[in-house]
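Dropping the structures in below, format is structure tokens.
Both complexes shown next keep chain A, but they swap its partner, so chain B is in the first and chain C is in the second.
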Partner chain A sequence: MFGPAMAMPTVVIMVLLGAYPVLQGIYETFTNASLGGKSHFIGLSNYSSLLSDGSFGTVVWNTLLWTVVGTAAALLVSTALALLLAQPRRNAAFQLLWIVPWAMPQMTLAIIFLWLYTPLVGFLAGWAQHFGIVFPALLAQPHLALWAVLVPAVWSTYSFGMLFIHAALLGVDPQLVEAARIDGCSVFQQFRLVKLPLIGSVVRVVALLDFLWLFNQFAVIWIMTEGGPGNSTQILGSYAYYEAFMVRNVGLATTVGAVMLMLLLAFVVVFLFLARKTYGGLGVSR
Partner chain B sequence: MQDNQGAGGLVDAAKNGVQREESRRNFLRGTVFGAAGLAAAGLAKGGALGSLLSPPSSAVKPFNTVKPVTLTMWNQPTWANAVVERQFWTDLSHAFTKKHPNVTLNVDWISWDSSFTKDVAAIRSGNPPDIEQTGAEQMVYMASIGGVEPLDDVIDMFPLSKWTNQIKYFKWDGHYYGVPYLIGCYIFFYRKDLLEQKGIKQAPKNWDEWLAASKEITNPSKGIYGAGLDYTLGADSDQIFQGLIYAAGGAILNKKAQVAFDSPQTAAAYQFACETLPKAGVLPPGVTALTSPTSMATPLDTLYTDGRIGTALRWGIEALTYETFPDVWDKTGVALPPAGPSGHPGAFANDNPFWVFKGSRNKGWAKEFLRYFYDTSNVERLVEQSGWLSPYAGIHTSLDDKPWFKAMQDTMPYAVRFGFDYGPQAENGNAEDAFDLGRCAQDILLNHVPVDKALARYAKDLSSIYHLPLA
Partner chain C sequence: MSAQVLSAAPAVAVVLPSKRTAARARRDMVRSAGYYTLCMLVTLVVLSPVILVVGSSFKSSHSLFAVPPAVFPSSPTLASYQALFDTTPFLRNIVNSLVVGIVVSAVAVLVGTAGGYAIAREKFRGRAIIRIGSLVWYMFPPMLIMIPLYLEFSQVGLVNNDLGVGVAFLTFTIPFSVWMMTAFFQQVPYELDEAAWLDGASKWATLWRIALPIARPGMAACFVTAFMMTWGDYLYSVTLLSSGSTYTVGAGLNSLIGTVGIAYGQLLAGTVIVLVVPIGILAVGRKWFTRGLVSGALK
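For the complex of A and B:
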């Protein structure tokens, strides 16, 4: 009894700080809460409104595209740069430089990229003009805007993964790599057959964290496009903000949040299941 | 909306001005006697007479306090030049402290996007700042939830100018809760030289002339485009489209608080802006992405000062920015926005109030600061440096001779704010916050949604958001 009693303060704090807000949020999905107004219980109306909203399908699809492609891109960049940094003649200042995107505030990053992309008078448009090229208005084209906004999001994400993978690569026994080289493996084969299996557990954790990070992304999208043009860059995070603070429909916004929670839980469960089935767990390398 | 669309309205405004002038004289007279009283109080400092002669209102009791007071003001950037704006407030704060050595005014700058949320949270927490300067659209809601203090005694002390067209919306339950800070509207800027090269001697007077002139001056090979309008998401496009809709004879909400957005008149405005102008090729490429989250000026202003936009609907005060580019400014003409199908122009107007939070611990000093703010010399400097019209009658500055300032004054009778069309609705805050007119424009412009369908969808959304019936 003494053990559980000692753990109680922590349990109480965790329930108060973790479970209560989530439960309160879920309760609000059944109300018509608005910012500053009174709320009433309205049953499943918010869920049915969301499902009947023509733009919600687009928002979910955008979120999946954004998260999956973004995670893949961030992972690729993180791994490539980690390999580069793991070279024997690495430079500390050079390493530091690659961490800058992670340290940069999201708002600053978004404003910089907005300025880069601005049609006609932006940085890239100005440079293109010197060469007689018309730089496309990326953020004004529904089929390009999502990818244009994804670039700064990936840029701000990769550093974190790069540091983890870099640390894992430093732990790989150089003799194993050397043996593979002597056996005739190319550089790519050395990576695929020797290094990757050894750092696999770290890569999986980074992939999971990148996914969660990008799925919940909001600031970059909101500052650069507010989800536009149309709803072409609207993802669940920005959509929840739009409903809560622009439309002030807190009930619907928390419903979007609840959907995000369900999707994330489903993803994490599937991810962990697959990791367990394939690798025996998240942190175990086969 | 504003009672200024005709001679009757102007006569009323003039009468109002006379009454206000009388109020001002009474105020001045009162001030003289008040000053004498305060002098007597000063002579009797520390004695019983001093306490008897100090201002009787509990709200203003700390006049002769020695206890340090710090006033906090939430302010939102509204000038074309943020550096000049901040300096104005810094100087004002120092001058107020010089006059009242125990009182310090801290001005915190907050963003437009977050102000409503912050205000509501501050009121609910019971720990708000003392003063705020913000958008008129929030005034009635804050009054209705008991978050702000009546300011009748402040508003009665000076004569209002005829430009304070939205002040009636600062009134709730028989009291004024806001005091007007600055007022203005959009006007029409155009490149005289480009028009003259095409034999056009005057500013376009209506949409047909505007379209024709824009076509004439558009020259993509030189990177020059005829029309500069804001199609981004956010407040700027909301404001542009409110002006266009009014010029077309439309509205968003009617007087009965019904959603009248999908009317043929509103459709005419969207057709002109989102179909006619783009098809004519007079808009700069990527116009929906010409956005800036950080300042009043947007890339549209950069394009204008680069000489790459021939005509533009912009806030009148942007002239202060444009003037700093003499090459373009010397060739710039200003006018009222071209008239739409209704036969009259249309523009968006603002009238930002100050308010004092009910939860302020220094209400007396907060009101005293507002009284100090409305000193003639401060208001003159405000107008001179910001370019906004004066809330205070009888203010004259060097801007009076500027054509753009005159154009802003001439446009004010046609300047609207559709969020107030149906009168203040406290339970909903203000419908203006739900306007998303740029998103509707982008649906037509980029996603090629037919105008009638885009408007119908948007009207349905608005009706659903605010539980207002469709007209």
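For the complex of A and C:
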């Protein structure tokens, strides 16, 4: 009984703090639960009201833009910096300095960018004024706010992937790259034709982790805009929070959470299906 | 390494110096200089949020809003820090975060080490479920855990209570530590444990005398990472805590972002304090963070 005894604390906590709240939450999607009120079973009403709610479409669209563009941007930065780090001339000090954003709590990056962006008195506005430019209120403009908020989110996302891709690049046989160079491949071709296929599986894992990270993002959005103006920066995570603690409609909030779960599962299943040839599931052994 | 391939030519060149090799050496030097300049520029951009916030946290309230805003103040002052500690219970919040974070991380490491050892070493029904379950749990939308948890906590008096926020922190530190310690024990050769059993040691003795001493660096890394996760928490702290005396640093910082106006000096000073801890940990444990982090996660 040694094994089960050792695993017991994990199982107990997993049931109490993982399975139980999730099942409770899924149950609440079928009720009209509110903060501090009685709840009744109302069937699928929460789901139908979400679907008929015009802002929900906006939120789903924002989530899609946010995660896809964010993941692409983070991957691009991660790969570019990893390639720089993997140069023969490399210096380990840069690697340490470039993972500092990973160690920074997300809320600190959000607060710093909130201050940088502040109109009139913020840091960027101050310099804009110095050069006689009016600095736009980035976070108050519906078509700009999402991208402005995405910047600190990507900032806090890229370093972890950079470490992974860097480690993978160091595993690429330099003779292959050298052979490609002698055969006349440009630096870009050396990357696209030799390095990228070899580190592809790691890049895919990084893409999955970046995606999950951005999909579950809350702190950056809530600190900078609380989802506004309007719903222009509202993604599913912040929308669930908004419904639960601003509108106090717990039933609808957990329904948003359940939709997140379904989208996440669908995405992970599709991802594992697409990646099934390169490695077995998430076990990630190269 | 391509460095070795490339350096083969200059090694010959030392014997027979020529115009061509001199040109190559010069070109190499220019390239090195270009490379380091680029790396310095990237470093400057990557660290710019930290540089700007640190510089501005030492400004007076007047110079904070000067046009153009300087990166570093000409006459640094601790006024913002003074105001932060005078007008808010931020010192108390730091203590709360430290206590809750250390206790939670210790619990997470203990549970994770036991669970990880069991999953990696023992064969029993359901261990695959625990392993996959911890990963799925970790990737779950936190909202779907947090909202029901909040309702439960409000019924048993765990809202606005540091014990409650500590329990809530277990929802992300436990799956992380179980996953990480499992990966760690899987890297430790199974033969070590086997040798102890063959010599007649019980399973408890094997764990105590063989596995735990080997696992110590893994446990330390797990503790530190779990602590950094709790220190940087925003969601649970902001939701569960509602008064200055119970705030962790996350909730404390959040309370400085008022709806009416923001006291930027205090907010930036608080942000710097919150940054010092994880960046300090990163600097001290730099070897592990640049190597162990990746190897642990990839294997």
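Here are a few things to note about the model shown:
Assume the second predicted complex is superposed on the first by the 256 of 286 C-alpha atoms of A that agree within 3 Å, B and C clash if a C-alpha of one lies under 4 Å from a C-alpha of the other, contacts with A are read in each partner's own complex, and residues count from 1 in each chain.
We adopt the following convention: a contact is a pair of C-beta atoms (placed from the backbone, for glycine too) under 8 Å apart; a residue touches a chain by one contact, two chains touch by 3 or more.
The model shown is predicted, which means the values in this text are computed figures rather than measured ones.
Once the complexes are laid over each other on chain A, chain B and chain C cannot both fit and instead clash. In the superposition on chain A, A:P9 contacts chain C only, with no contact to chain B. In the overlay built on the shared chain, the residue A:L114 is in contact with chain B and with chain C.
In the superposition on chain A, contact of A:H40 is made with neither chain B nor chain C. By the touch criterion stated above, A:T254 is placed in contact with chain C alone, chain B being left untouched. Chain A has more of its residues touched by C than by the other of chain B and chain C. Shared-chain residue A:P142: touches chain B; no touch with chain C.
Residue contacts after overlaying the shared chain place A:F123 against chain C, while chain B stays out of touching range.
Looking at the shared chain after the overlay, A:G227 reaches chain B, while chain C stays out of its contact range. Of 164-172, 254-262, 272-280 or 290-298, the chain C stretch that intrudes into chain B once chain A is superposed is 254-262 (criterion: clashing C-alpha atoms).
When the two complexes are laid over each other on chain A, chain A has residues 35-36, 111, 114, 118, 121, 223, 245 in contact with both chain B and chain C. Contacts from chain A toward chain C in the complex involve residues 2-7, 9-11, 13-14, 17-18, 20-22, 24-26, 28, 33, 35-36, 81, 84, 87-89, 91-92, 94-101, 103-109, 111-116, 118, 121, 123, 126-127, 129-130, 152, 155, 163-164, 166-167, 174-175, 177-178, 202, 212, 215-216, 218-219, 222-223, 236-237, 240-241, 244-245, 250, 253-254, 256-258, 260-261, 264, 268, 282, 284-286.
Contact residues on chain C toward chain A in their complex (touch as defined above): 1-6, 32, 35-36, 38-39, 42-43, 46-47, 49-50, 52-53, 56, 65-69, 110-112, 114-115, 117-119, 121-124, 126-127, 130, 133-135, 137, 139-152, 154, 167-168, 170-171, 174-175, 178, 203-204, 207, 228, 231-235, 238-239, 250, 253-254, 257, 262, 264, 267-268, 271, 274-275, 278-279, 281-283, 286, 289-290, 293-295, 297-299.
On the chain B side of its complex with chain A, the touching residues are 113, 116-117, 120, 124, 141, 145, 223, 232-234, 284-294, 299, 302-303, 306, 308, 427, 429, 433-434, 436, 438-439, 442-443, 446-447, 465.
On the side of chain A, the complex with chain B involves touching residues 35-37, 110-111, 114, 117-122, 134, 136-142, 223, 225-230, 245-249.
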